[in-house]
Amino acid sequence: MISAYYFGAISLILIGLYAILTKRNLLKILVGLSIMETGVNLLLISVGYVSGRTAPILTEGATPQTTVDPIPQALVLTAIVIGVATTALALTVAINLYEKYKTLDIEKIRGLRG
Amino acid sequence: MIGINVYLAVIVVATLLSMYRFFRGPTTVDRLIAVDIMTTITTGLMVLFALYYKRAIFLDVALVYAVLAFLGVIAFARYLEGGV
Amino acid sequence: MMQYASLLIALPLFSAFLVPLIKRAGKKVILYYLSLVTLIQTGIAAWVFKEVYTSGKPIIVIAGGFKPPVGINLYIGHFAALFILIIAVVSFFMAVFSIKAINVDPIDKYAMLFLLLMLGATGMIATGDIFNLFVFMEITAISAYALTGYNKTGEASEAAMKYIVLGGIGSSFFLVGIALLYGSLGTLNLAQIAMLASKINPTVAQAALALLVFGLAVEAELFPLNAWAPDAYQASPHPVTVMFSAFVVKAGIYAMIRIVYLFKDTQAFMGILNLLLILGTLTVIIGELSALRQTNVKRMLAYSSIAQVGLIAVGFGVATPQAVDAAVFHMLNHAIVKTLMFLAVGYVAVTFGSPHMENFKGLGKRMPLTAFAITVGAISIVGIPLFNIFWSKFKLLLAALQVGKTGIVALILGASLVEAVYYFRLLHLMWFEDGKGEKIEEDLALGIIMLLLVALIVVIGVYPDFVWGIVQKASADLYNVAQYVKNVPLLQGVSP
Amino acid sequence: MIAEIVGEFLVLFGTVFYFLSSLGLIRMPDVYNRMQTATKSATLGSLGVIIGVGIWAIGRVGSYAWLPKTLVIAVFLLLTNPISAHALIRAAYKSGIPLWEGSVVDKYGEYLKKEKEVSDETKEGEQ
Amino acid sequence: MIDCVQCIEYLIVILMIVSAIFAVEWRDLLAAVVGMAAVSLFASIAFFLLQAPDVAMVEAAIGAAMSAAVFIFAIKRTERYESEEEGTGWWVRW
Amino acid sequence: MVKRVLAIILILITGYWLANALAQVPFGADKMLVGKYYLENVKEQTGAVNAVTAVVVNYRGLDTLGEVTVLFIAATGVAALLWRKKRERTAKSEGSVVLQTGSKLLLPFIMLFGAYIFIHGHLTPGGGFPGGATIATAFLMLYLAFREYEIPHNVFEPLEGLAGMGYVAVGLIGLIIGGYFLFDWIWQTWQLGHANIGRLFSAGFIPIIYTLIGLKVGTELTGIVDNMVKEPKEGGQ
Amino acid sequence: MEEASRISRYLYTVIVLFVIWLFLTSSLDPQELIIGALFSLIVAALTYEVFTEKGLANLHPKRIAYAAAYVPYFLWAMIMANLDVAYRVLHPKRPINPGIVECKTVLKNNVGKLTLANSITLTPGTITLDVKGDRYFIHWIDVKDATVEGASENITKPFEKFLKVIFE
């Protein structure tokens, strides 16, 4: 039996992957990428969670024995910022592509051939 | 004392109802209204959970929501009226 | 004193952040500044190289003064020292080349991205922490995305888009792999992961390793995720192409091998090796076959480069000490040769406008030095004796024969044959066909760089023993995981 | 003790308005009326819940530090929510979503039409 | 007594998945971005419930406002509606 | 259609495989190894109460430096790729009076709030990234409300570079004083602020670095928004 | 309505920001106060030009007294109107009668207009659609009087008597 958060995270990853693999619109692909990143972040956080414990900020009576793992949270902080950086750059490239080809459909953008 | 659980249950129902509008549409503005209400409800939910966990630090997150979530909505609205 | 090796990270960062302040000084000034910074970086890298190889001990840079696994450490062993030197030298050459090759605005942004690409590759090779590896990988990847699209033409944007989408998938997979590893071990330090590797559940280990390999395959250009590579090579500015081929790929494959070899003593290892072999073989086959039908020389070289990376992966997949030696040697040789080739081809493209086959007709008469450089590079790649790649391919062959994998032998020979076909076609075009146009005065600095590289190729080819010694030390650093774990000063008391 | 009761009552009050607002979101016929019932009730509900929690915390957690912070959140909500509602309804109108057929009067449409005519006339005059 | 906290966990996860599916399937890209913002919102609540207030804060600040705004600028400079034709994605072309 | 079904099957297989692996990593179990060390020593070694902040800035400082660099690269890349000779805003309608006045009224509050978030990074959740994003959101709001608004570029770009250089410089000072790159010289060498853990003036260089990161993230995200919102003018390149 | 002097506007911004800071931190620790004062000074220096037009004159006791009286009045109006809308929502026949009406206002100050618009919006049943000069276009869920004067009487007048003192 798999926990709810794991299930949600895996589902988000898979939905994002599905969008990337099958959609033809560039912005839709980027939406998929964004969703996928959210899923990965959720997975990392839920790996670090310990049942029944509180946030790793040692005030208001929280002790090292009653708090969850701080490392995944630190990692996810980094990952979120990296994700938004990638998204911004990708959108920029999409804008450039649209200016050149006047379409966002990847089937119609075929300047380079393998 | 009625207890926090009842309030949470009411909030759950409210969330579900507004999500119905979110999925149903029919226009984008309807969905935006639903998201707007969701953020408002979420702010309240976070404050309630702060009380549930008895930690004041969670209030800061609700504060961020109160201040920032409306900007997303305004961005959408300004796009819709052609003003970005 | 050893901690000053962290300047390798600090210097490019500092100088990249300085660029916005000096951008009013003019385009040429920025490009000269770029050369200066990379020269200083080369100096530091040379110092580190000397320290490591004379003392025989790796340099462990401890960031923040917290010993690993609590803090992050940089592990500059023999392999890392060698490749950091190569990165710095190639970057310096390319900074010099940029003065001539880059004329698309905005130059100051180009300089920043260039420095950060170098920084990312350096960090990827030097780091000793898996999440830090991810961060440096993203630095490399994102600056590479931006540089790929830098020319702002349709092709460049398209290539950048492909790269971004594939890179995004790859980095997500990599993070999932990290999550699995962290969830079962509770640590992120590579040395500690190696130490605890046998405790990990085999299912989890296999899944995590496969995810990590897939994640790094984007950078390392292995088969299913390398569709971006030829496009990006073709469309990016010429110095950047050299950097991709010379060290970005190498950093990716190094990281992959480092992670995979940490699990040497576990059950999951054999499965991953097979995966690596399959991916490498497919990469070689598809790369070589695609290279045959190209008319754009840069693209042809790109496919050739992909095929060579596949060979390196196959070498690592065999995983005997000899094979690893040979693969590292091939990495080194390939970096040298491809730097030369892409530099020369890029120079031709800058002069004539595009790297199309047409422009190479009669090059031997018009730009003799460049043509000579391309010739030496081509002959070397094909694997003619007395040139450097002959030795690495030969040693790879021997290593494969030792474990009785005749399929790999056939693969290497076949690849060489196909390479011979398309490279000799190019050579024929250059020397034996008449082109139109006058003889062209060649740039002095670039000529010197090309001659240097040619000399290096020939020297290694004729007298490989000295470099072979260095390579053996480097590959021992990669292969001998127990020594790696011993070298990292893990904090006592943080273990289960 | 008093604080707990007062706070809990406020929270209950707020959640009821949450429920009403989402019910309005479902039941109303067009965008404009949905906004009427939904946004405002939700704001009032949040106000109740947030300040209620601030007061409740005096009893339940025993800390007076919650109230100022919750007050700040409430003030920000009061400032931002109507602005976003206004921006949304303006966007809805400008993007051409029609009013519900039961609507009585549309002064804004008349105004816009008149303004457009004026600007057209001035343009013609210029030409 | 039903444990409403757990109930909210399940609800959040389900709503998150459903919004993600809709975000991917809606043809109107603006609606897709709204869906993405909703996913971000629910993810933020999930982070909150998983005792990660720092992450919830960053997700709120970046996911709710910044990311959506950047997507909107991109939509404004390109086009809003996805074409109706069915097709396959990039994965077919190596 | 066949290909779509194929994709779905592929994805389902991947998902099953992932779920299988994840089943071996139990949810909610205590898997801490290094994390425990952090939690137990965070107060003495860094002075921060918020363990996440201590991990981000002190223990894994190199990650954070890299993360700031990634954002810097993204801002630079966006600027480089959208660079044109002449650019302008092409908004069709001005924001209404309500929105304009509201954004004027909210601007100082949002900026103060961003400052509050990043200066309290070691005490409450938050830190440089949400703080910087909040500040950037204030400028985003101005861009949305006013058609003619323009950030002062000659302030923002040097500030971006200076903040980054300041971060590296703090690290290098640590290298000179304490012998390690990114060493917390204020807390560990000078021993400042040991008396007031849990109050504002503690935690060594965390507030300094978070201020720098906040400024940097704010300027970078604003730069991204600024570049995205302007379109090339007709007749420009 | 001339603008107040720069120093007055600056000081007013600093004071407002500092009060907000006190509420945000909700502590009187001297360290927090020092940093709060510092940040208030910096942020105010950056933003006072857009923030306020009248400066310290806003802190006139009469204005504060009216503002203090306005809050409970407004809250009461809000709750009443909310109950009215709740009745409309819950009623099975949905007794609504919507339309867009026009109102006139006597307020000239922009902040006053904002407050009026926000108050109107927050009172359920009415929502500000647009503001052009002194004309308010309001979507009203239950149109009782479609003329300009009648609508103003119903919607804007009750708030204006407070807001005029506070903001004019």
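Per-chain numbering from 1; labels A, B, C, D, E, F and G assigned in written order.
Definition applied: a contact is a pair of C-beta atoms (placed from the backbone, for glycine too) under 8 Å apart; a residue touches a chain by one contact, two chains touch by 3 or more.
Composition by chain, UniProt nomenclature: F = Na(+) H(+) antiporter subunit B.
Since we're looking at a predicted model, the values are computed, not measured.
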{"item": "Chain hops separating chain G from chain A, counting only touching neighbours", "value": "2"}
{"item": "Chain pair, A-B or B-F, that carries the greater number of C-beta contacts", "value": "B-F"}
{"item": "Greatest separation from chain C - chain, by CA centre", "value": "G"}
{"item": "Whole-Å separation of chain centres (CA-atom averages), chain B against chain C", "value": "48"}
{"item": "Whole-Å gap separating chain C and chain E, where each centre is the average of the chain's CA atoms", "value": "36"}
{"item": "Separation of mean Cα positions, chain E and chain B [Å, integer]", "value": "14"}
{"item": "Residues of chain A touching at least two other chains", "value": "5, 7, 11, 13, 16-18, 20-22, 29, 43, 46-49, 54-57, 59, 67, 71-73, 75, 77-78, 80-82, 84-86, 88-89, 91-96, 114"}
{"item": "Junction residues of chain B, two or more chains touched", "value": "11, 15, 32, 54, 56-58, 60-61, 63-64, 67-68, 71, 74-76, 78-82, 84"}
{"item": "Contacts with two or more other chains, residues of chain F listed in rising order", "value": "3-4, 7, 18, 22, 25, 31-32, 34-35, 38, 50, 52, 60, 63, 66-67, 70, 73-74, 77, 81, 93, 95-96, 98-99, 102, 105, 109, 113, 117, 124-127, 129-130, 134, 137, 140, 144, 224, 228-229"}
{"item": "Contact footprint of chain B on chain F as seen in their complex", "value": "91-95, 99, 109-110, 113, 117, 124-126, 130, 134, 137, 140-141, 144, 147, 229"}
{"item": "Chain F to chain G touching residues, read off their complex", "value": "96-98, 100-102, 104-105, 107-109, 111-113, 115-116, 119-120, 196, 199-201"}
{"item": "Residue ranges of chain F touching chain A (in the complex, touch as defined)", "value": "3-4, 7-8, 10-12, 14-15, 18-19, 22-23, 25, 27-32, 34-36, 38-40, 42-43, 49-52, 54-56, 60, 63-64, 66-67, 70-71, 73-74, 77-78, 81-82, 123-125, 127, 129, 198, 217, 224, 227-228, 232"}
{"item": "Footprint of chain F on chain G - complex, ascending", "value": "13, 16-17, 20-21, 24-25, 29, 31-32, 35, 39-40, 42-44, 46-48, 50-51, 110-111, 113-114, 117-118, 128, 130-132"}
{"item": "Partner chain A, residues of chain C touching it in the complex", "value": "131, 135, 138, 142, 145-146, 149, 152-155, 157-161, 164-165, 167-169, 171-172, 175-176, 178-179, 182-183, 188, 227, 230-231, 234-235, 290"}
